[in-house]
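Okay, so here's the structure we're looking at.
Labels for the chains are A, B, C and D, by order of writing; each one numbers its residues from 1.
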Amino acid sequence: MSVASRSAAPPRLPPGLAGLLLPVGAVLAAFAVGAVAIMALGVPLGEALTAFWRGAFGNAYAISASINRAVALALVGTGFVFAARAGLTNVGGEGQIAVGGVAATAICLAPGIADLPLGLAFLVPLLGATLAGGVWGALAGFLKVRVGTNEVISTLLLSFIAVWLLYWSVQSEALLRQPMTSSATLPESLPIPVTTQVPLLTGSYSSPVTLGLPLLVVIAAVTALVLSRSIFGFQLKAVGLNPVAAARAGIAVGASIVTALFLAGAMGGLAGGLMLQGEQYSLKAGFSSGYGFDGLVVGLLARNSIAGVIAGALLFGFLRSGGISMEMGASVPSALIDVLQGLIVVTIAGAAYYVDRGDRK
Amino acid sequence: MTETVVPVPGTRAAAPSLLTMNGIGKSFGSFVALAGIDIDFAGGEVHCLLGENGAGKSTLCNLVFGIHRPSEGAMRLKGEAYAPSGPSDALARGIAMVHQHFSLVNELTVIDNLLMGGSRGRLDRKAEARRIEALAEEFGLALAPFATVGDLSVGERQRVEIVKCLMRRPQVLILDEPTAVLLPDEIGSLLTVCRQVADSGCAVVMVTHKLAEIERVADRVTVLHRGRVSARSDRPAEEIPALVSAMIQRPAARSGEAVVGAIALAKRKPAGPRPPAGEAMQLDGVSFDDRTGVRRLDAVTLSIERGEIVGVAGVEGNGQSELGAILAGLARPTDGRWFAGGRDLTQASPREITRSGVGIVPEDRHAVGSIGKLSLADNLFLNRMRQFSRLGLIDRRRQMEKARDYIQRFDVRAAGATVAFGSLSGGNQQKAVLARELTTPNLRFLLAAQPTRGLDIGAIETVYGLIRDAAEEGVGVLLVSSELDELIAVADRIVVFYRGRIAGEYPADPVHREAIGTLMSGRSA
Amino acid sequence: MTLELVAIFLASSFRLAIPLLFAATGELVSERAGVVNMSIEGMMLAGAFGGAIGAAMTGSPLLGLACAVLAVLPVALLQSVLTNTLRANQIVTGIGINILVLGLTTLGYREFFGARSRTTIPGFDAWPVPVLSDLPLVGPLFQQIGMAWLAIAIILAVGAVLTMTGLGITLRAVGENPQAVAKAGRSVLALRHGAVLFAGIMSALGGAFLSIGDIHTFTEGMTNGAGYLAITAVIFGSWKLGRTVMACLLFGAATALQFQLPALGLGIPNALLIMLPYLLAFLAVAGLVGRQTAPRALAQPYWP
Amino acid sequence: EEPLTVGILIPGSKSDKGWMESGYNGLVAARAKYGDKIKVQMIENISYADMGQALTQLASANKLVIGVGGQTQADVLKVAPRFPDVKFSIVGGNAGAERPNVAGYDVKQAEIAFVAGAAAAMLSKTGAVSYVGGMEIPSIVNAGKEFGNGARYINPNVKYFESYTGNFDDVAKSKEATLAAIAQGADIHYHILNLGLRGLEQAASEKGTHIIGSYTNYCGTDPLYLAYSITGVGYQVSYAIDQAVAGTWAPGYKPFGLAMGPEASTIAVCAPTPEMTEKLKAIMEDIKSGKIKVLEG
């Protein structure tokens, strides 16, 4: 009896190449839309582009600011990818940044911290921020293990709760609000002491890249290695793909879930600590500035690749810098950047179908 | 097993064909699942489709039901061109299908499941329930219309599926392995229903692996092999051996009782060294209450010697799954204790259980036994990855070496060790799971739950060979199966589960088949 | 608390709940069909914007309402095609759409209304129910605009459709086991597209209630998280219509409480009150308010 | 001659009908006044994390940088030392943290709120007035307190309701807060809100009550408003530009308020009786002379 023949495979992009072409294409398409919109707004395209370029890459300061923003986004995104490996969707970045910032401020302002030697003055608060974010994330993990609460829901709710806790903490003098020296004292914390600020790599405020950058590089590299090569990464993956089979295989499923969300939250918390101790120096309501959601989007778009996280974070980081400059220099509303960002997200999410079709199941 | 009166098959006058397929081919990407299929289904006949796992039987059914569209060829229904664009088309043209996997919504009631997809407008559930009850009575299929499907037994769900089809008064009724999950009694009545439906002028197309069913009900048989028709028979009851050889493309050395025969061969103990004596596993008054407080296992006490194979017979849902979960460490008994090699494992984690030399082949190999998206190599060492750990990182080279060794030893047929586990055929998936569990260090007890479900004869043979070999090396085996014939062929003794209790125990000898069957149905022997 | 204050409190709770009632009912239907729309926020904003533009250009709030629905259609369609046809991740898509709509409405607002327009937008007037609106205590409850009664009518209709019609069971089935629905001859995609569009239209009504119903204006990002609150209400309501409605009313009450407590001289921090709905929902999903059972195929794309 | 380059950062929306819009009005006025003599870069809607960068970019391209709002202060103080040649003016700035190139203009909303309270008490028919503030921050809370004090100054038995929505831009909440006050009798409402003002307007127009507006005098455009308390956010923006153009810009804290004249702060009742005008004028004099003491902010 003849054996069923196999016809030639239809051409399909190799997954790696498609995975690269897709985001690049989406970004280019979004930029094209942006260019049309700019012209529709009656702004000469050249002028807008010049302003964009100047704001994003024009000088050391602009580049540094973009990098710092990208570091925060990349941390949240890396955390997201970490949790995603265990099949978890952490949408609580905003809240994790917020609790990180609160913890960092509280520790920076605690007596004695500013006088710690050996850089501990800024490392201890950063560590505190990391732990606080981690606990905030682990809470969702704990709930998932204990009562089966969907983590998308719990991290989102915890995020809103954290944002309002932050609001409360700078409204109340019993918490972190600065002493009311005059009746006009703003609802902010005191500025943190200089020794607790995260050092700048160049030491100069005209290129204020903080120590966060090397920190991120190390964290990203370790994460990539852990996820792709380690036993722990393998276990996370097993838990994410099939928790029951993982449990049968002796993997501690509950602990893996809590750990994964702890680590995701910790990276969010660290991002919050860096934003506060590296740039803002005093805590205000809304200091997280939506970076948690931007970071989430970066993580989602990276589609489980740490390199993708870095690329996405840089893109969003520079995009916003350029957008700010475009509004100042060429009167293009920076809401346009939101439109572009939204378009990029939507395009990549939609086009993922064409990349994933081949390798599903 | 109660005998049901079935008209002698194969003697019907040739009826006009209702549905014909001409030169049908179907490819999935580069994979050709079906090629050059010519087949016709006539009104009034029960037409059985036979073939190995992956031969293309379900694919063929799905083409008729409009789930897939053929890549080549054409179909005609009552002489008119028939090219369904989807199930709704097929349903509208009078074709109904019971799928290999249930397509019921567990959260809805029986009646809502039956009505789902029907009219969109307002429902009069009471009137519909009466209509359905009348229909169910006509075919002897009792149903509780307002029960939630999730609460029903497997057999009851199957009945819902069939009533769902019958409600539409189909011209062609397709049943894809409808008996795989039924108990002997239920199989009997299902076959009766098939006959009845066919007698009413409908073409009944039934996929099955069970030769006994073909003997009892088939008017005609078409055998598929690797996507092509490899044999046809108009008097199947008399040509079973030929059909089997057409199916597996090997001469069928054994008689009509092919499955049982194959296994019986495996059962013959060679004169080898005697297995080490001693107890392999012991259950001591194990009980289990589910979340709603219903007692699923009731004071089960059982002891298994090394080298012994104990079969668990029983209709599904009588506590076997719960026992499996407890032995796997995924559930804790409410009462009682269990031991392996003298160690109390009642509260042990899955990891400790594995460490104590217990291997588990779970009844659901997809949900519990494997991770489809991981590679074959990863699945082979799912619970033992740490052995490849070097500074916390996985030594992939060593893992692949060892994986290739296992693949060879256990005859797992796959394109390579790195292919996704889910892309293996069912039989090979099962062999891989067995490879992992049988290589558990210091293995002394193996639970094999439904290890051959859905497998074809060739694969069944291999699987039982492996289990048999393990027993000979001194492993105590608890073999759970819904196929009584297999248990009789493979096990040393058989315990019967009914409502969470051991209702009785017999030596595994065909003379006790009737008695065991009676116990399974809840009557005392 | 004086009786009068209680009356105001009740009316205020109800009014603050109305946009949530619209959006949450829509989202409930969509989630029962298996699709999570994180983009409810964006859809509400699109509705609020469309309603404002429409009412301002035509002078008629009714036409404004129609424009709200028109404005949401492309957004809902985008959501639906991405998540159902292209099977994109529902969370990503939703968040992307929210960013996109926020950007677009902000740009559009400036284009249409000019940067500093002081024009007010025509909106609906209250529709007091005769007799009932004069009752003591509950009277103010019955002095709402027509849209409030529309919300109640839609909720009742949705309840009836979900439990008593073939469409309803098919819709619920598609969120639990889409394969079964496909095999029963119904199109999973069509049902899910329909559900998402319905959620979009309901969100648009909720958004329009904000812009031309309650306030008669549009402001940038005026939904202010109401969409997320609506999703929260569905979860808090454990995917059941009655409970979701109660959750919306509870959230409305928690917000209304903010303006009642100062009048009573209670010094509860504002932040805690604003946090209250989220805290309640969190406690609910933490298992303190019974078990939550989401539709089984929720957020999972359907592959035939 | 080189035009003066001015960078202006508006943290919120420049069309918020409130503080931000008032600041933007000041810029528009300055543009009209100076034409080509100034060159402006503006940015709005900036979150905290981006503020430092936005200010730095403004500072690197302009001679004068204006932050419209106290929320820009922390970042201005951080950026200013790196641009010693650039002048920074904070509208709504506070005392303290002096820098050689930073000026803080204190708006003193509480003073005019007292006057508005007095006007409200005179305009009220029910003897009940209300106030809705956005955030509970000192200047907003103090304005609320002084509004109450001003009302009581005219009518010691006046009923006064104040509440805070936690958000200058939340329309729904400010509407509900106003409705709650109306239910208890209030018929004149005052506010410090931005976009949220729309909610207050809606409540008042539904219930037939009236409003005293803030920031800018729009008398005659909207019958809902009986008066406007002018808080010169825009005036301060123009003031900074005027000073820089004239070369008289000076750093340090500068209180504005009533003392700086009617452009900086005054009350405008749209249809006043002569007694009303007299009385309000007297009150403003008393505040300036210190006879009436009001809170800062």
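The rule is simple: contacts are C-beta pairs under 8 Å (C-beta built on N, C-alpha and C of every residue); 3 or more make two chains touch, one makes a residue touch a chain.
Quantities reported herein were computed from a predicted structural model and do not represent experimental measurements.
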{"item": "Maximum centroid distance from chain B, chain identifier (CA atoms)", "value": "D"}
{"item": "Gap in Å, rounded to a whole number, between the CA centres of chain B and chain A", "value": "47"}
{"item": "Centroid distance [mean C-alpha coordinates] between chain D and chain A, Å", "value": "36"}
{"item": "Mean-CA-position distance for chain D and chain B (Å)", "value": "77"}
{"item": "Interface hub residues of chain C, defined as touching at least two other chains", "value": "106, 110, 270-271, 274"}
{"item": "Of all residues in chain A, the ones touching two or more other chains", "value": "167, 171, 335"}
{"item": "Which chain pairs touch, all of them", "value": "A-B, A-C, A-D, B-C, C-D"}
{"item": "Chain D partner contacts - residues on chain C that touch it in the complex", "value": "4-5, 7-9, 11-12, 15-16, 106, 110, 113, 115-118, 120, 123, 126, 140, 210, 214-217, 219-222, 224, 255-256, 258-260, 262-263, 270-271, 274"}
{"item": "Chain B residues within the chain C interface of the complex", "value": "65, 67, 86-92, 97, 99, 102-108, 112-113, 115-123, 164"}
{"item": "Residues of chain B defined as touching chain A within the complex", "value": "27, 29-35, 225-228, 230, 249, 328-330, 349-351, 354, 360, 362, 367-374, 378, 382-383, 385-386, 389, 392-394, 420, 422-423"}
{"item": "Complex interface listing, chain D residues touching chain A", "value": "7, 41-50, 52-54, 56-58, 60-61, 70-71, 73-74, 78, 82, 94-96, 106, 135-139, 142, 166, 295-297"}
{"item": "Partner chain C, residues of chain A touching it in the complex", "value": "37, 89, 91, 143, 146-150, 152-154, 156-158, 160-161, 164-165, 167-168, 171-172, 293, 296-297, 300-301, 333, 335-346, 349-353, 360"}
